[in-house]
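Some notes on the structure that comes next.
We just call them A, B and C in the order they show up, numbering each chain from 1.
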Amino acid sequence: MSRIVALHLGLVALLLALNFLLPAYTHGNIARIMVLAVYAIGYNIAFGYTGLLSLGHAMFFAAGMYGTGLILRFSELSALPAWGVGLACGAGLALAVGLLALRTAGVAFMIVTLMFSQAVYLIILYFGAFTRGDEGFVIEAADRMIWGLDLGQPQVRYLAAWALFSVVLLISLRLVRRPAGRVFVAIRENELRARLLGYDTFRYKLLALVISGTISAASGGAYALLFGYAGASFATVQYSIFPLLWVLLGGAGTVLGPFLGTLFMFYLIDIASGLTEAYMLIAGLALIGLTLFAPQGIAGVIRARLWKDLP
Amino acid sequence: MSLILSTRGLSKSFQGLRAVHEVDFDLPQHQVRALIGPNGAGKTTFVSMLIGRLAASAGRICFDGRDVTDMPAHARVALGMAYTFQITSVFARLSAHENVALAARRHLGADQDAVEAEVQEALGRTGLADRADALAQDLSYGHQRLLEIAMGLAQRPRLMILDEPTQGLAEGEIAAFKALIRDLARDTTILLIEHNMAVVMELADRITVLNFGEILAEGTPAEIHADARVQAAYLGSGGDD
Amino acid sequence: MEFGPYLMLAMLEGAVLAAVLALMASGLSLTFGVMRVVNVAHGEFYMLGAVIAWFVAHLVGGGAALSFVAAAIIAPLAVGVLAAAADITILKRIDYDPERTIVATIGLLYVIQQVTLMTYGPDARPVEPPFNSRIALPWIEWGEGGPSLYFPWGLSTTSYKLFVIGAAAVLILAIRLFMTRSRAGLIMRATQLDSDMATAFGIPVERVYAAVFGLGAALAALAGVLIVPIQQAHYLMGGDALLLSFIVVIIGGLGSMAGTIVAAVLIGMSDGIISVFFSPTLAKIIATLLVALVLVFRPQGLFGTRDR
């Protein structure tokens, strides 16, 4: 077992151990951070590895959240199949958006994804009769059961979040070390060269976006199941900016970066919101500071200074 | 000998300006062909159409008996064309090893041992074996040019298009390059755009001269050397640079 | 009210929106045209204009007219200087890289918005217009004795709204003259065409960029000052305005001033009309999808021509 695999399994084991050690408040926070870190890992596949800077990933998160939530609200399906529907919604949306948006690049891609995501947000508001718009809706406790386990119960919730996070982390670790992941990086570094090495870069970018969108949807669906709520605020531009911020802070194009970034930013904002109502000020300052001084992020600095082969 | 590449009436114009005009070009297998011409003669435009970076305005391109005119660049590469850039275009922030591995993996797939063997061979033949772990951006300019060629080798192409490969190389590196091309010519076809006449005269089996987007002459190095029209074309454009 | 007068009312509301939008989008288009960067904080400059107008109205005193004039001078100046400072301290240092500029201006957006929240607070506050007489509008009725004029109940506008339309038109004309006739405008256009060449000719490109970024922001602030007597000032008002300006600039062809103004009239009017007759959410859904599709299939905009 290589040192790299050991490092990632070590994090997974640590997070499992923390389940039995943490005080209640932090325990709940870490569960939430793990679910959101899954979103960040998904975003990182597109942005960090493939160089697709999307400003609209909230639409994929929301597709998972509402796909799962609405199925539970209006059908007889149970939690796990509903979550599967949420994943499928995210994958389908990412495929459709990718087929259109990937005809553009750079700034145009950013704006096109922003616009599609805004349209999804507005559609959620427009169908307020089903989605209850801005208010959102609560997913009943009876619907949040998997194999007889209550996902609302803190221990179960933490372990479910941990399982999802672990699986997605290891999938992303494997993906980026596989040939396909290497092509993603090649496209990020120099798309024309990758194409002239014989890679159909459009299809690889589409693949990256669909994987990214599906993982984001997995996170959105899990959020709805574990915290029992779906609301339109999760589809706003702000929720497209968050994963960008987490990934930039943690280190774009690194496997551990998304988790580190989510963890740090969560606590930064948590502390700030205790001090002022204007806690998003922290996010703004962090975005400017990261762009100016540390575009590599935490894990990027570790890779540059300490551990060259960190994936 | 069968043709690996042929074009018929291949043309490209930019906003009415004719860059390449009705070029009929035939390249038999296992030949080293040089493409020369004064600056602005349309050489890079011509090969960009061959590889698919530019769409042709008119005409057809056949590669290995198949019409590839409407194929995207990556599909032509998959059929066995390779192209090295005039302006060095490597993956600057990846290691030399990974640069070559990306080129090898496309046709070798996930077979890690085969990829590794291919990478070692390509790096070895270009003399970059001891620089495998260096980031491409940390290599000297000459080494980056060689890395381009190593990436071409690792694709195992049946036609290799080299766009001014010796540009910016030192004398010693040019000698090594010539040896490499001679070695390569045994199992692949080479189309070489080159300004360095010494390299052209020494390596090419035949030479095609492009002027004002049209073929001016074609023949053996000796024939081209003696051709009055070719001399006039070079003198007319201010000489060979 | 009958359909005809109702439509006219909708068109008047649309024209006010179009005027303010054209002014604001001109600023966004100017920065994109000259500097090739997208300023996501543009909506916040608009919001700052409105908020500063409120502060001026409450600190200056001396009546609505005087404080309006004061705000129309102070707000664009203050916001312009702030934007120029942001250009020098942030954008210049990341070398105007298009993608990083967007990320940095998103940061700027949150900073401006949240600092406003901390100082100005979360409330929406009105500003009194400098003049505001109601103007009833006539409508033509085809009766038995031929056409006759009458004043339907509810069909009216205010003198201030008409002033906004006029003021925006005059300001946009002034920018056009400035860009085409003045020396400073010439320098800006030269920089737009080729910044390397401009540097070679001794144009201080960095200072031009700071000035253009400041000018673009000042236009947004001015739009904010104009709108605040109609719409209250609120720290979150920049978001929708930014989205609409994006739509206008993209449909008009990125960086094209004339296209931007045509698109502003089109979007403003149709938004006004559609919102009166249909759900505004549906109108917004259609508009955002339209913009995305325009960027995908006609990146030069609906009115632009492909330059490459």
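As a convention for this text, a residue touches a chain if its C-beta (ideal position, glycine included) is under 8 Å from a C-beta of that chain, and two chains touch if they have at least 3 such contacts.
In this text the structure is predicted, and so the values were computed from the model without any measurement.
Chain contact topology: the protein chains form an open path, each linked only to its neighbours in the line.
When every chain is reduced to the mean of its C-alpha atoms, the one closest to the centre of the whole protein set is A. If you compare A-C with A-B, the chain pair joined by more contacting C-beta pairs is A-C. Centre-to-centre, using mean CA coordinates, subunit B is 52 Å away from subunit C. With each centre defined as the average position of its C-alpha atoms, the distance from subunit A to subunit C rounds to 34 Å. Distance from the subunit A centre to the subunit B centre is 43 Å, each centre being the mean of its Cα atoms. Contact with two or more other chains is made by no residue of subunit C.
Touching of two or more other chains is recorded for no residue of subunit A. Interface residues of subunit A facing subunit C in the complex, by the touch rule stated above, are 53, 55, 100-101, 103-104, 106-108, 110-112, 115-116, 118-119, 122-123, 125-126, 237, 241, 244, 248, 276-281, 283-292, 295. Listed in rising order, the residues of subunit B touching subunit A in the complex are 51, 53, 72-75, 77-78, 83, 85, 89-94, 98, 101-103, 105-107, 109-110, 151, 155.
The residues of subunit C lying in touch with subunit A in their complex are 38, 90, 93-94, 98-100, 102-104, 106-115, 117-118, 122, 239, 243, 246, 250, 279, 281-282, 284-285, 288-289, 291-293, 295-297, 299. If you check the complex, the residues on subunit A that touch subunit B are 178-179, 182-183, 185-186, 189-190, 192-201.
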